[in-house]
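Structures given as structure tokens follow.
In the two complexes that follow, chain A is the common piece, with chain B as its partner first and chain C second.
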Partner chain A sequence: MSRNINFKHRVAVVGAGMTLFRRRLLETPQELAWLAAKQALEEAGLALKDIDCVVIGSAPDAFDGVHMKGEYLADGAGGWHKPVVRVYVGGATGVFTPIAGWWHVASGLCRKALVVAEEKMSHAAKPHPQYVFRYIWDPIVEKPLNPNLIWIFAMEMHRYMYKCGVKKEDIALVSVKNKRNACGHPSAQLCDPNITVDDVLKSEVLVWPVQRLDVSPVSDGAAALVLADEAEARRITDTPVWIKGIGFTLDTTHWTNRDLAYPEYVRRAAEMAYRMAGIDNPRKQIDVAEPYDPFDYKELHHMEGLGLAKKCEAPILTREGVTQRDGDLPINPSGGLLGVGNPIAAAGLMKVAEIFWQLRGEAGARQVKKPVYTGLAQAWGDLMQAGTVIVLGI
Partner chain B sequence: MTKPVNPRGTPIKEAEAVGIEFPVVGKARYNYTTGEALGVFLAGLKQGRILGTVCKRCGRVFVPPRMYCSYCFRPVDGWVEARDEGVVVTAVASYIEATRARAEKARVVGVIKLEVPGYKFDDHFFPGIMHYICVDDEAVKSMGIFGMRVRARWRPVEQRVGSITDIECFEPAGP
Partner chain C sequence: MNRVKYFQEVMEIEAYVYTAGPIGTRWLQELKNGRLTAAYCAKCGKLFLPPKMFEPETFEEAVELRPIDDVGVVETYAVIHRGFDGEELKEPVAVAFIRFPGVEGGLVHYVKAKELRVGMRVRARWRPVEQRVGSITDIECFEPV
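Let's turn to the complex of A and B:
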């Protein structure tokens, strides 16, 4: 039974929209935000005048190369002469944005909120968008070692492989599944219907054990949702999708002091969301999930943190086909970040949109085989720190 | 019908991009303060010592040091000296630079769990730092590096400046 009783209003998702995800798009960040926001409004059958509040999500300002990115994006996101806020928790931002939208509506502050996430990584052109990430490291004890962002992922992946006895072949299966799934997604950047484990294992070695096809790409893109309280939602649509639970936590930046094999930051966020949604056995009660997959091992890691698999069990479920679109627990049917692309905040929000479309039976070529009633999206960010989880249901 | 229907956006190639190029912040540089705890830590490195702080309420030892215990949310109780020796808890071999350019040669980097006389640590919270490890990348690929005992290779005293790079790397310490 749901224990979501302390909030003034139930909140529903009533519309979603997104742009293409590509390595480089012509549109400015404001234009991308507008394209996604407009599509979400149209899907909900609403106009901007119907919106009470706007919530914007975007990752480091340094990607788009515009400071005060929230204020800059507000114009394209429909956020002028209205309460507007921009939220940011690194990669976890995309799922945090609808969480912030949820509290705007659940509290009664706004009846209808527009939630917009955007990222334009291609602007950080020289020498490479990866270079921007050097500013996440500790300036005193880490940055003098001249780190590349991928180091920390490779360290987490390798520790996970060591602790759980996982082989790279097993992890590569995630990349293969997601890049194939992406072929059903009209926005996808990296659909590859013929990719094999061998392709992943033969791709350029970046930071062992991470190879190029283990990693999501650099992308531009935007995504948007429309949220509404119960009375408004019932007026707007016959098929609202309810936000049943939300959870978000942060660990400290001192990542060299803790074991990287298990994502505690995800577990705590998931427990918060499950408690609110009345979920006590996620493996049975979640029908479809979109865990965050900027790297292939991260999907496995996050499934375990979310309680969708036991510790070290996710690679086994993957090998057995349980996580395929026609499997018992479809994972990342959208194609995820590995397939659809990774415009950071927009990619997280794309996952929430995917669960919305899956639960409404509107995912078309991507629709999972089993009937689905409850779904989950999760994102992660920063120095192995931030966990954000949202549970949707019909 | 497959949602999203007709998502928009205009893909372009880098060569086609007519853009405005602008340097990040010209020649501006950050000048980070070391803070209280890390200031002492860096001064210790100059003397060839790895210092940490300890919270006597929860027993945690912090390396790199913090001036407060984040867990008990109170000031730490003082300083301890870690050995410049420990075990590798995770390590990777980097073939790229921070800029994403290919590196000339592989660089091994990892997290070293340091020993502190009089204290024992489990896998969940331990004094640990990221640093280079002077081993062949094959030791990473074979996973033989996990649990390897390593010791700091210090720069000569006259070359030390009070930086994490006063340690050149950690190298195998033998059994």
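Let's turn to the complex of A and C:
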């Protein structure tokens, strides 16, 4: 992809919406999708009849417990007598959904697209939603060991700590920052204005070095965006936010074949998005970012993969306060997955919505101090090898 | 003789717990009371099934349930001779898609009738009060009016 690539249409985000993120919401999955979609349409001043096509994102069917979840969600996502697709790249889905929406509009296929992500993890009730992940492992070399996800994250975290000489105290700062940031978010599940590094370090050890407060919660929720081509966007709003670049990559399937201290899958996805957006110095050109933070160390990991920090530099920037809301490079001003919550696909799309609201100056109590013109959101998933990146700008 | 190694796994969550949603919960409660209702969208004036908090075509909110007559019209039907595992049933069982006048959508349910036909009017046969649990099966079946 060249830097001067000419797509048929520029694509803008013109509205966003989301539900509360909670451990257990009363509404059905369809109803959650509708709440978010309706809010996004209202923010754009549009009705469902104005929408040409619908893109749905949702993680494993096994969470909601409905096979063909995309088709099931279609009514709630406005997919009624319109072209509809559902995309799914595990945890990376939330950012992949607007990427798929982008190509619908950039290609000229649709002028206005509704993008909806939903997750209802509470349905997978017994023993725990985590059990959905028991069957992602290689049946020959891994499954007989009965692994769970946290084993692997713990090993990745430890490798990062070892390679970069990072202490648990430095990593806990991310959890503290994000759970405090979440107090400005009306949808947040885990706001804690008084949390300290000590609280994180004293929380129970799940799989060393991962402790309970290093991890994002299990959540229900939905989020939505309205995308439009340039002519439509200019009719709809005076303040469109443009999608300037998109990128997505897979790394190898196998843990044993990856660099666990550095997320190659993010670097490649970011480079693709940066080329399209004309960004050659992300540390200077990105004003605010929402990297994927299901675990606190992953925010640091992903900042480095995104080129927002040099290798092993993210903990230092964090300690110096650079990544705070009033810092020079605000990271996860929403509160992220650690603070707002983690209904998988909806959490990723929440990050894109946050950048949209930040760039429009509509983030309320969460608005970052410095003026912001360009921002990015990133997610991570599949068998922990997918990277998805979107760059937004005004 | 096995030429490759096989692995056995049971790939399921032990138990799912589904929410019926706020309006779905009320709809089921009404069934328990022996009343068939449909969701009502005040803004678009539509009565619709299955019940949900929004009307899917107009995307308007629906907060109300309104009682409807438990007499519907058979839109189509099928007759089951063999069960899930291919076993032959002692008696064939008929299921029908039933529409209700003035209501968008409808219900699928068992119908017991000697001579079932498309267009036939059928009425809900309710289970005795003490057997109702707040489920679609609180209606035992439909039968000719």
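Just so we're on the same page, the second predicted complex is superposed on the first by the 389 of 394 C-alpha atoms of A that agree within 3 Å, B and C clash if a C-alpha of one lies under 4 Å from a C-alpha of the other, contacts with A are read in each partner's own complex, and residues count from 1 in each chain.
Throughout what follows, a residue touches a chain if its C-beta (ideal position, glycine included) is under 8 Å from a C-beta of that chain, and two chains touch if they have at least 3 such contacts.
A quick note: this is a predicted structure, and the numbers were derived from the prediction, not measured.
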Name the contact category of A:Thr196: first (chain B only), second (chain C only), both, or neither. neither
Notebook entry, point to check: Regarding the shared-chain residue A:Pro139, is it in contact with chain B (first), chain C (second), both, or neither?
Noted result: both
Task: May I ask you to decide whether A:Gly65 touches chain B, chain C, both, or neither, giving the answer as first, second, both or neither?
output: both
Original post:
Touch check for A:Glu27: first (chain B), second (chain C), both, or neither?
Top reply: both
In the superposed arrangement, which partner chain does A:Tyr131 touch: chain B (first), chain C (second), both, or neither? both
Under the stated touch criterion, which partner chain does A:Ala47 make contact with: chain B (first), chain C (second), both, or neither? second
Between chain B and chain C, more residues of chain A are touched by B
Both chain B and chain C touch chain A at residues 25-27, 62, 65, 122, 125-127, 131, 139
Residue set of chain B touching chain A in the complex reads 1-14, 17, 19, 21-22, 24, 30, 32, 34-35, 38, 41-42, 62-64, 66, 70, 89-101, 106, 109-111, 123-132, 137, 140-141, 143, 146, 163-165
Per the touch rule above, chain A residues touching chain B in the complex are 16-27, 32, 35, 39, 43, 62, 65, 122, 125-128, 130-131, 134, 138-142, 144-148, 150-151, 154-156, 158-159, 161-162, 184-187, 205-210, 220-221, 252, 254, 256-261, 353, 357, 362-366
Residue positions on chain A within touch of chain C in the complex are 25-28, 30-31, 34, 37-38, 41, 47-48, 62, 65, 75-76, 78, 80, 120, 122-127, 131-132, 135, 139, 143
Per the touch rule, the chain C residues reaching chain A in their complex are 7, 9, 11, 13-22, 24, 52-54, 56-59, 61
